[in-house]
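This report concerns only the one structure given below.
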Amino acid sequence: AEPLRVAAASDLRSVWLALSTEFKRHTEIEVSPSFAASGKLSQQIEQGAPFDVFLSADQDFVERLQAQGLTQGTPVQYTRGQLGLWVREDSRIEHLHQLGERLQGKLVMANPRHAPYGMRAEEVLRGSGQWEQCQSHLVLGENVAQAAQLVISGEAEAALLATSYKDEVAGGRWLTIDPGLHRPLWQVGVMLHTERRDAAQQWLDFLLSEPAQVIFRQRGFLPLDSAPSRPDQVAGQP
Amino acid sequence: MQNPPDNDALLRARLQASLGAFQLDLNLQLPARGISVLFGASGAGKSLALRALAGLEPRVSGDVQFADEVWQRGRHWVPAHRRRIAWLCQRAQLFDHLDVSGNLRFAAGRHAASDSGEVDIGRYAEVCGISHLLSRRVGRLSGGEAQRVALCRALLSRPRYLLLDEPLSALDSAARLALCQLLRRLASDEALPMLLVTHSLDEVERVADQVIVLTAGRNQPRLSLAEAMAAPDIGLQAPGELAAVFDLEASAQQDEPDLLRLQIGQDAIHIPWRGPRPDRAVRLRIAARDVTLWPQLPPLSSAQNCLPLQVERIVDGTNPAMRLVIGRCRDGRRLFARITRAAERQLQLTAGQSVFAQFKAVALL
Amino acid sequence: MIGLSPAEWSALKLTLWLALSTTGLLLLLCIPLAGWLALGRSRVRAMVEVLVALPLVLPPTVLGFYLLLLLGPRGPVGQAAAALGLGPLVFSFKGLLIGSMLYSLPFAVQPLLDGFRSMRRELLDTAASLGAGPIERFFRVVLPLSRPAVLSAALLSFAHTLGEFGVVLMIGGNIAGETRVMSIAIYDAVEAFDFAEAHRLSAWLLGLAMVCLLAIQTLRRRQQARDGGTDQ
Amino acid sequence: MIGLSPAEWSALKLTLWLALSTTGLLLLLCIPLAGWLALGRSRVRAMVEVLVALPLVLPPTVLGFYLLLLLGPRGPVGQAAAALGLGPLVFSFKGLLIGSMLYSLPFAVQPLLDGFRSMRRELLDTAASLGAGPIERFFRVVLPLSRPAVLSAALLSFAHTLGEFGVVLMIGGNIAGETRVMSIAIYDAVEAFDFAEAHRLSAWLLGLAMVCLLAIQTLRRRQQARDGGTDQ
Amino acid sequence: MQNPPDNDALLRARLQASLGAFQLDLNLQLPARGISVLFGASGAGKSLALRALAGLEPRVSGDVQFADEVWQRGRHWVPAHRRRIAWLCQRAQLFDHLDVSGNLRFAAGRHAASDSGEVDIGRYAEVCGISHLLSRRVGRLSGGEAQRVALCRALLSRPRYLLLDEPLSALDSAARLALCQLLRRLASDEALPMLLVTHSLDEVERVADQVIVLTAGRNQPRLSLAEAMAAPDIGLQAPGELAAVFDLEASAQQDEPDLLRLQIGQDAIHIPWRGPRPDRAVRLRIAARDVTLWPQLPPLSSAQNCLPLQVERIVDGTNPAMRLVIGRCRDGRRLFARITRAAERQLQLTAGQSVFAQFKAVALL
């Protein structure tokens, strides 16, 4: 059969192989991902892109699609993303709050206009009063994966990335960011208008299953129960 | 410069153009038979006129009519490819991407069943002397070879009229002679009329039936070849090259072996000849510089011909030291003799005097 | 290291197929179009020439954006196509083909125009006087003599399509087997930090490219040798 | 609706500046290069020609990826540049310029090659016999007679740079005023659902494009009229 | 076909090439003075030879030496632009992007201070008859005009040697005559040697000092013009066009007004002449067909010249009906007479017999 077409936020790249292998072992169903920034994916879905399932890094985009009647069933929150600060070995930065003063090179993050990780990074910088100082150092990736990849050139001194990229971005140090500094990055999945409802549902169910949750936790995602279920009232709201 | 309307003209054209300082204003009446030659100095407008007749020159306005077809009048315009003429320009414009036979087939394919096309190609290639070049790529031809291929291709397109712009100037004299003969044969046997541009008086003499002289974009009325050769003032001849040209019938009577007797009124001219008597008129050229005048019938010499001549007038030639005697044969045809002033004094020549013109005659074609 | 996975194979095949069909269709379309632009006499030619050149100066993202709006399910073309039962145009091979053709149009037209325009006028005049009408002149004289231009047009549009990325990203998405061409696959591999895959795919593209280019060069050289006999 | 915000202005200026400097530098580089390829006699020409054509077939993402590796502070070129005190090459205008030039190289070389190659051999022979050496022949005969080819090369590389997206995306980093060119800005606007901005930016690009193209056409026409006198 | 080594040769070349079925194998020794003509049928290899001498033909191998300079030997090769020759090819290769004066300046700028360059341009444009065209774009020239511009440009490059490939074939006879005179003047006054390719016997007679005949890629040793004109077997002449060519000094003695006396041994030839006595030898052409033979001194006629002649031998001409008499003047020069077989019988000509040759003489240049 045709593989299940999944539009997936780019922070899922690092867990994808493990997830899809596990899923296939249980169900014999192939999943074929198309990664991009969540904003871009939702925009493509609005234009009629033929996906069966949408996995967004932020629930706003899902709600937008829901409002236009482009989804089926209820969206599922299956895990929560986490933002981390990566700094190069030679950087003097030891804490998020030193960014504004000590940053000399480039600061890489995802584009806040359409990538949820970018939006949250902006929130963190604004909330800590460092947004203006960091402006001239900003280098934007089209999505969080591209941002991570820009780091490999070695030109960036620091980067605000998903902690799920810990394995890929080798070298340097990772500094934690208090998840309370930004709205939570709820990873939300939703079924789109598709004839393959069964498979899509199985996939969404699978994401909530224990084997999947283990994979998420191992790769730097936060456990499902680690935060309030409604992420509305958070500091740093723009 | 106005021609009287000419009722047996096949191709009539009034052409006007103004290119920078150059003004073209032609009135051409080209007959349905024979070879017309357009003669004129470099830059006189010959090529431009040919292009206009071929339908290739939007800068030239005017009227062009071919038999009953109006080719150009006001905004009406028959495009070149519908005129069914062939135009050969000064440079052999061969198609580089085809070999010689491909170039020929380009023209031959159009108006013939493919079989007869192939036959034609062989035949015309033979007469144009390019049979050995058929599979050659055109980039590998010499200048003269390319020119012969272009001519052959033009002939193969089965045109109703040929417009030839200096087609023979890159050829050696043997090839030139052969192609002159070919053109004459086409003009008479296949009744293909043509207009030929050339700078070579030799070609004019060999092939022309009519001559149109162009001077700075204007033409004089057309003249027969004999008239043109006899007109000292139209610039056809190179300095001192005035000549009489006669088309004469061969007589059945043979006075001597190896000599052909040509009848000129009651007199005869003998030319060296071997082989059967020709069935068409023979063209003779008698240049003024070849004619010697005698006060009485000269004694025996190797110059075989002697005609009684009445001196009509004596004029200055282009060479200041020379005088030109214009005389009439007994049948009224004009003959010229170019003599020195010294000879004029010694012979005490005057108009009306009877003399003998001695010359050698050789057929032109 | 060197073999390609089935998914990678399908990206490679898709890319070649897209580039080939774009090039083929473009040549079919552009040869007469450029012929008319270079040799025709109509007044509207100047206008059309500018229109044809427009995609030159539009970034692929602009093109992609408007194609998305036009071809999408809400766009006029998309709706017409749906009414005709042609299926969706965006996020499909058909859509990519349309996009690539538009995007590469000027890259096919420009070399052709240059080639056709450099035709010596007297050569065409000669052909006309031999009885060849404008169509025949075009196909039997202009076109064969413009082989280098046609080759360039094909090469440039093939290459431009191979290298197409922005348009595909906008209207193709990243759908395996349908719109995931090599440029997208490599981008994807890089983003996934699968540099080994990125290197492998790049190596394949490079190898293919070398083969094509060498083939073209040999072709040209042979051509020249045959025509002129004076190349060295 | 029609005015541009300062940020948008800077994207527009950046784009034009990038396209202009890429075109200018490319012509400076490619005219001698193509001259040598078309008219030289060296054996290595065939090899170099293939190398020069390579970027044709490489998607911008491949190019961008390897440039990122090469130009970064750990890459050989980046280290050399740093040693020369040239400052960082990635995420900077300099880097974009290098990327654009590489990316558009074949689009400048190809039309020039076509043009130079179509030069009649006898014309060059004549120039040589009049005492003009290879360099003088090239600059006083070949180049002036290849004006249409130079124009095409400039047009194609200008356009190709304007439309550059993939390479910029990979090595530019979307820095306002430094690397955020129009194609990126429009992409951003579309992805952010800001269609009004996308339309506005596109309209500006379109307008500019029309002006350029019309100017080029007028130039060409005037040229032709002066040269031939027989255009209609 | 081997020439003996020629010590006053300026340009020596052995050229070999093999193009398809065509084989080139030349051994040329071109003198430092005067005009050498390369004569041969279309496709004989003339253009190829010129290109090879100019350094433009890598397909031709061999040795080329100019004075002390080795231009080609094995892998050694002086490129065309360093040979300081000018080569004019069969088609005027003008630069389209420059106007006429731009084309001229292209050549003139190189070897002269810019002032004298301008002066030269004016002077040469004048003699080539293109002064009125200086600001014209080359696309707007007629065929002949373009050819004259190309010739002028070649002269302006101040070459040490001129290689001319049919430079005059597109010209009308007046322009051709003028340029022939120009070439002769350049050759003698400015000591510019040249090698000229032409198909026109007329041009050969007017300008040649030496003639090299090419047949199918091979050359015969070079001949002086007189020798060449006198050799019936080298194909220089059109059928029946054999002629004697004499360069004769004018004598101070004037027998008659308007006549110039030229000395040929103890005899004299008179030619029509006005103006001062020429200070260099006058070239005369006496065609075999213009000569009439007499058994004894003929009576008075307008043909002013009569030389005693001893018949050397009588041979068949190309025309089967004609015989060619080869005779010697009293100073040993050869003269030819073309007579009919009938005349031969009537005159009962035999070798050794003394006759009188009567002819009109006109100077060629």
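Here the chain labels run A, B, C, D and E in written order, and each chain numbers its own residues starting at 1.
By our rule, a contact is a pair of C-beta atoms (placed from the backbone, for glycine too) under 8 Å apart; a residue touches a chain by one contact, two chains touch by 3 or more.
Computed from a prediction, not measured in an experiment: that's the story for all the values here.
Within the contact network of the assembly, the step distance from subunit A to subunit D comes to 1. Taking each chain's centre as the mean of its CA atoms, B is the chain most distant from subunit D. Pairs A-C and D-E differ in how many C-beta pairs touch across them, and the larger number is found at D-E. With centres defined as mean CA coordinates, subunit E is found 56 Å away from subunit D. If each chain is reduced to the centroid of its CA atoms, subunit C and subunit E end up 59 Å from each other. Mean C-alpha positions place subunit C and subunit D at a centre distance of 19 Å. Looking at subunit A, one finds that residues 146, 152 touch two or more other chains. Shown for subunit C are the residues that touch two or more other chains, namely 68, 190, 228-230, 232. Each of residues 19, 91, 140 in subunit E touches at least two other chains. Listing the residues of subunit D that touch subunit A in their complex gives 68-69, 71-75, 78, 88, 90-91, 169, 171, 173-175, 187-188, 190-194. Interface residues of subunit E, counted against subunit D in their complex, comprise 51, 54-56, 79-89, 91, 93, 95-98, 106-107, 110-111, 137, 139-140, 153-154, 157, 163.
Those residues of subunit C lying in contact with subunit D across their complex are 41, 46, 49-50, 53-54, 56-62, 64-66, 68, 106-107, 110-111, 114-115, 117-118, 121, 148-149, 152, 155-156, 158-160, 162-166, 170, 181-184, 186-187, 190, 198, 201-202, 205-206, 208-210, 212-214, 217, 228, 230, 232.
Across the interface of their complex, subunit B is touched by residues 19-20, 40-44, 46-47, 90-91, 136, 140, 142-145, 148, 165-166, 169-177, 199-201, 238-240, 256-259, 270, 272-274, 289-290, 292-295, 298-304, 319-322, 337-344, 346-347, 358, 360, 362 of subunit E. Interface of subunit A with subunit D (complex): residues 37, 39-40, 43, 106, 108, 111, 113-114, 138-142, 146, 150, 152-155.
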